[in-house]
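Paired with chain B in one complex and with chain C in the other, chain A is shared by the two complexes that follow.
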Partner chain A sequence: MSTLIAVLFDGFSYGMLLFLLSVGLSVTLGLMNFTNLAHGAFAMLGGYVTYALVESAGWPFLATLPLAFLATALIAAVFEAVLFRRIYKSGELNQVLLTIGVVFASYAVAAFFFGTVHHSVDLPDYLKGFVEIGDLKLPAYRIFLVIVALAVTAGLILFLEFTRFGAMVRAAVDNDKVAGGLGLNINAIFALTFALGSGLAGLGGALAIDILFIDPNFGFHILVPVLIVVSIGGLGSIWGSFLAAAALGIFDVAGKFLFPDFGPFLIYLFMVVILFFRPNGFFARR
Partner chain B sequence: MKKTVTALLTAAATLLCGAAFAQETVKIGVINAYSGQFADPGAQLDAGITLYMQQHGDTVAGKKIEIIRKDVGGIAPDVAKRLAEELIVRDKVDILAGALLTPNALAMGDVSAEAEKFMVVMNATTPVIITKSPYMIRTSATASQINGNFGTWIANQGVKQVYTMVTDYGPGIGSGTAFEEAFKAAGGEIVGQDRTPVVNPDFSPFVQRVAEADPEALYVWVPGGTQPPALAKALAERGITPENTKIYGQGELTDDAALEALGETALGIITAYHYNVHRDDAMNDEFVEAYRAANDGRDPDIYSIGAYDGMAAIYKALEATGGDASGEALINAAKGMTWDSPRGPIGIDAETGDVVQTIWIREVQMVDGKPANVIIDQVENAK
Partner chain C sequence: MDPKSWIRAKARISPYEAIFWIAAAVIPFVFFENYLSLAASVAVTALFCISLDMILGYAGIISLGHAAFFGIGAYTAGILSARGWGEPISGLLLAAAVTAAVGYIVSFMIVRVQHLALLMITLGLSFLLAELAISFDQFTGGSDGLQGIDTWKLLGIWKFSLWGHTAYAYALATLFVLFLLARRIVHSPFGLTLEAIRENPVRTTALGAPNHAHLRKIFTIAAAFAGVAGALLAQISETVSPEALGFQRSAEIAVMLILGGTGRLYGAILGAIIFMIARDQISGFYLQYWYFWIGLILILVVLFLPRGILGGLERLARLGRRA
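Here is the complex of A and B:
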């Protein structure tokens, strides 16, 4: 019984990591209709911000997390204003080509500054090792990860559904011409949305270091699982991404536990089955 | 008439000198990954070659050594084969060397056999490579050499049952099989076997299976890089530590980067390896110091030492043949050779041409407040 709970918890917490990494893409892809394959590169940026602050400046791990979010959001906003804004209307192929180019460039930049080897960060003692509940041993860091992911989910849903800015974003997405005519500054709204989505990726990247480690390939590494989560969850749906990530994590971990020989294939099977019956994912916004 | 004779003599002299001059050079064609995914180990391998020549000069037995480097770019046996052929036909190299990756080494071996050229495998560890050419030697290690001897050693420590977890691709399966066979032959029992995906960022389900089986000992093989610390961390987080389950693995599991990431959770892990950067030995200290000086402070690793000893083997074989660089002469000189290397005593097996060396058994212990690999035993003349 305790093994079953431990496996489910491992799966769920892995899913929560995927959720943090992909929810930002769900927002930009779903709300802005912008195919941003560079999402993983922004996640990597957040990871390196945390790594640099912890290892070079001696900051405590927790204090670096808001900065990983802010720094990534800021740099993403610059990219949006300089590069991405120009291709919102120019078709998916152009978007894919430009953003994948950004991932390649990010590899070279990261390798230049941080080397090709992988890095990890020193966690505070209370996030190391495991917490014992009866005869159940749960990794302390993963408990922390789950708490952060739940907080982010709640915050995002409240923000987009119940605030004035959230309403402006939804209005701008549904019909940008009318929204613009009503006096909304569409460019600023899109830039902020993009920065928010990328900032969340940066936070996800910082939180991923302890489980996936950080190296210049990070942007490519997480692209596939992140795209699976977004497509299963349904574009633009935070709740959908949450469910998809949780299901994917549990399915992946439980599958590898029960059938180790087929484990790696199971998540693809899972994706095929889901998309076969719900081609737009769990909760598609459009 | 006199003029003609002089002209003829001059021409003859020039030709003779030219011929003699050509004889003075031994060309070594190095096929290595200088770009792409394996550029980093490729650079370490190349630095080993460079350092050896820096320390020992570029002249052996009156011959000048010339290195011709070719970039194979990654796992590309077809490219490796073409480069090897070009090196022999166009650049007229006498010796093929490098062979960072197994598929490339196999392709180069075919060319070496066909052209009857001496070949030195400086890294690839798959056992079968050595059978590809009768003119081939290896100066790195073989997967079975490390893990087979390790399996026997573990059984001799009184360990009865081991659960194995290896990466699901050639090197992992080869190492795991060598380990299991040796361990069983020495009276041990394998109580569980798992294969983890090559690209697998999350080890938790596999570790959970081990936790459930609760074996006496666990043997793991994962490729170097991000996986060793990730795996060791996953084990520690689920309460599998050397205190309750003995953990064994190949040296990569606790290399410096992994130890840095793991900290105290690595204490007690026992690994087997053929090279220890930190082994206290005058020759090794000197080698490490020179290597760091030449490479911005970076430590040498298994790639560097494989190439360093590969060059040592070439130099020693050339000395023995008096500069004769034909494949036949060099392989006969190289087989059965022994010498002292920074890694410890090393030799070339007289029958197979494969490397014979000491396998070091190390345990992670605290040294000056930091976890380090401390040698606790050794298997000498391991084949």
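Here is the complex of A and C:
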């Protein structure tokens, strides 16, 4: 029984990591229909910020997390202003190709600065080891991860539901033309949302180091689960991403126990079948 | 001009094309004898690239998993050969038949979905197949790749040697025959309808074109082309690994097509030539820098050369004529 709970918790915490990594993409895709395959590259950036600060500058792990968020958000905003803004109107193929180009280049840049090897960070003692609850032993770091993800979810929902900017974002996702016609500056809203969403990916990348390691391929590797979460959950839906991420995380980890040979196969099969019947995912806002 | 003669004029073979094919047949044998196996893999890749051009360039179907069909073709021909039938041309035909059948089934899913769902279904199918190829290792050799392929003499006469004379001639001849077929298809009324569907599916429906049936047809044909390309690679290199199905290959082929220019067949060939030769020359030193250049090229082409090198050259030629 306690093994089962431990496995489920492992899966759930991995799902929460996926949620942090994908929720920004879900919102920006829903907002602008901009197919941004470079989202994983921004996540990798956040991971390397944390790695560099902890290992080279000796910062404490927790203190690097806000910086991973900020640095990624800032650089994403630059990319948005210089590069991505030019191709919002020029078709899906161009968006796919240009952002894949960014991922390729990010691989090379990361390999140049950090080498092609796996990196991990030294966690503070209170995040190492296990927390025992009765006869249940849960890894401390994964508990921390779940707490951060739930806090971010709560924050995001409060932000979107109860602030003026959140209302603007919701209006723009529901119908950008009407929202623009009512005087909202869609481009500015999008730029800010893009920066915030990428920042969350950066935070996710930083938190992912201890679970997935970080290497120059991170931008590619994380892209597939992130896209699965976004497409199954439905564009522009925070709850959709949350549920899809939790389900994917649990299924991924549980699948490794139950069917070690066919776990990934079943995930892709489910995705294809689900998208065949629900091309917009489960909770699309449009 | 009446429509029939307009199509005929569009399909007429220009002298440049003849020069190109003669050069392709002569130059590698005469001047680059040491690079014949590279030339053979360029021809294979060009064929694969043409296959993607038919669905992406002409019909506008964006696929991130086109290597799935390349891989199915490679495994079909490879397994056939490893199980004792190494006759190359029948291997190609079987690979074409199998990939066309799979492509036909998949095409029913493809035409139903768009945007992110289309990307994810094509991507998901190729990952799914890669997992299958690794799992069924008694057939495929698993992640080590398929061993024991033995390609018999071509037409019972020419042996596939280490130098690649036979390999290049074989690959180029296959490419040429299938290129003529592709050329015939895209310059037919059917091909023109595909371009119309790409530009405006609502209007073609209003004109009475069966969009879905057309898209299914070209997808099936393109799948067979990709399958033949994969089978060629399996027969020439005498090995198949799960990378044949991988995302890397799907992405690379898209890069080549975009670089050369979509929707013009020769763009696919040119892109394959430039990309493969550049990779052969550059990636020997540092693989990671190679990826940097691919990324940069993709970004620059999308921003400044949206119709690829050939599209850019055409625009230059038009400007020159006007000046």
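Here is the rule we use: the second predicted complex is superposed on the first by the 271 of 286 C-alpha atoms of A that agree within 3 Å, B and C clash if a C-alpha of one lies under 4 Å from a C-alpha of the other, contacts with A are read in each partner's own complex, and residues count from 1 in each chain.
The criterion applied here is as follows: contacts are C-beta pairs under 8 Å (C-beta built on N, C-alpha and C of every residue); 3 or more make two chains touch, one makes a residue touch a chain.
All values reported here derive from a predicted model rather than from experimental measurement.
By the touch criterion defined above, A:Val253 lies against chain B but remains apart from chain C after alignment on the C-alpha atoms of chain A. Look at A:Ala77: by the touch rule set out above, it reaches neither chain B nor chain C.
Looking at the shared chain after the overlay, A:Thr35 reaches chain C, while chain B stays out of its contact range. Contacts of A:Pro216 after superposition: chain C is touched, whereas chain B is not reached. In the superposition on chain A, A:Thr116 makes contact with both chain B and chain C.
Legend: residue contacts after superposition of the two complexes on their common chain; A:Glu92 is shown touching chain C, with no touch to chain B. In the overlay built on the shared chain, the residue A:Ala105 is in contact with chain C alone; chain B does not reach it. When the two structures are aligned on the shared chain, A:Pro264 is found in touch with chain B and with chain C. Annotation for chain A, partner touching more residues between chain B and chain C: C. In the superposition on the C-alpha atoms of chain A, the part of chain A touched by chain B in one complex and by chain C in the other spans residues 116, 261, 264. By the touch criterion stated above, chain A contacts chain B in their complex at residues 3, 6-7, 10-11, 14, 116-118, 120, 122, 128-130, 137, 139-142, 210-213, 215, 221, 252-257, 260-261, 263-264.
Across the interface of their complex, chain C is touched by residues 29, 33, 35, 83, 86-87, 90, 92-94, 96-98, 100-109, 111-112, 116, 216, 220, 224, 227-228, 230-231, 235, 261-262, 264-265, 268-269, 271-272, 275-276, 279-281 of chain A.
On the chain B side of its complex with chain A, the touching residues are 39-40, 194-197, 200-202, 204-206, 208-209, 211-212, 225-226, 229-230, 233, 236-239, 257, 260-261, 263, 265.
The touching residues of chain C, counted against chain A in their complex, run 56, 62, 64, 109, 112-117, 119-121, 123-125, 127-128, 131-132, 135, 247, 251, 254-255, 258, 288-292, 294-299, 301-303, 306.
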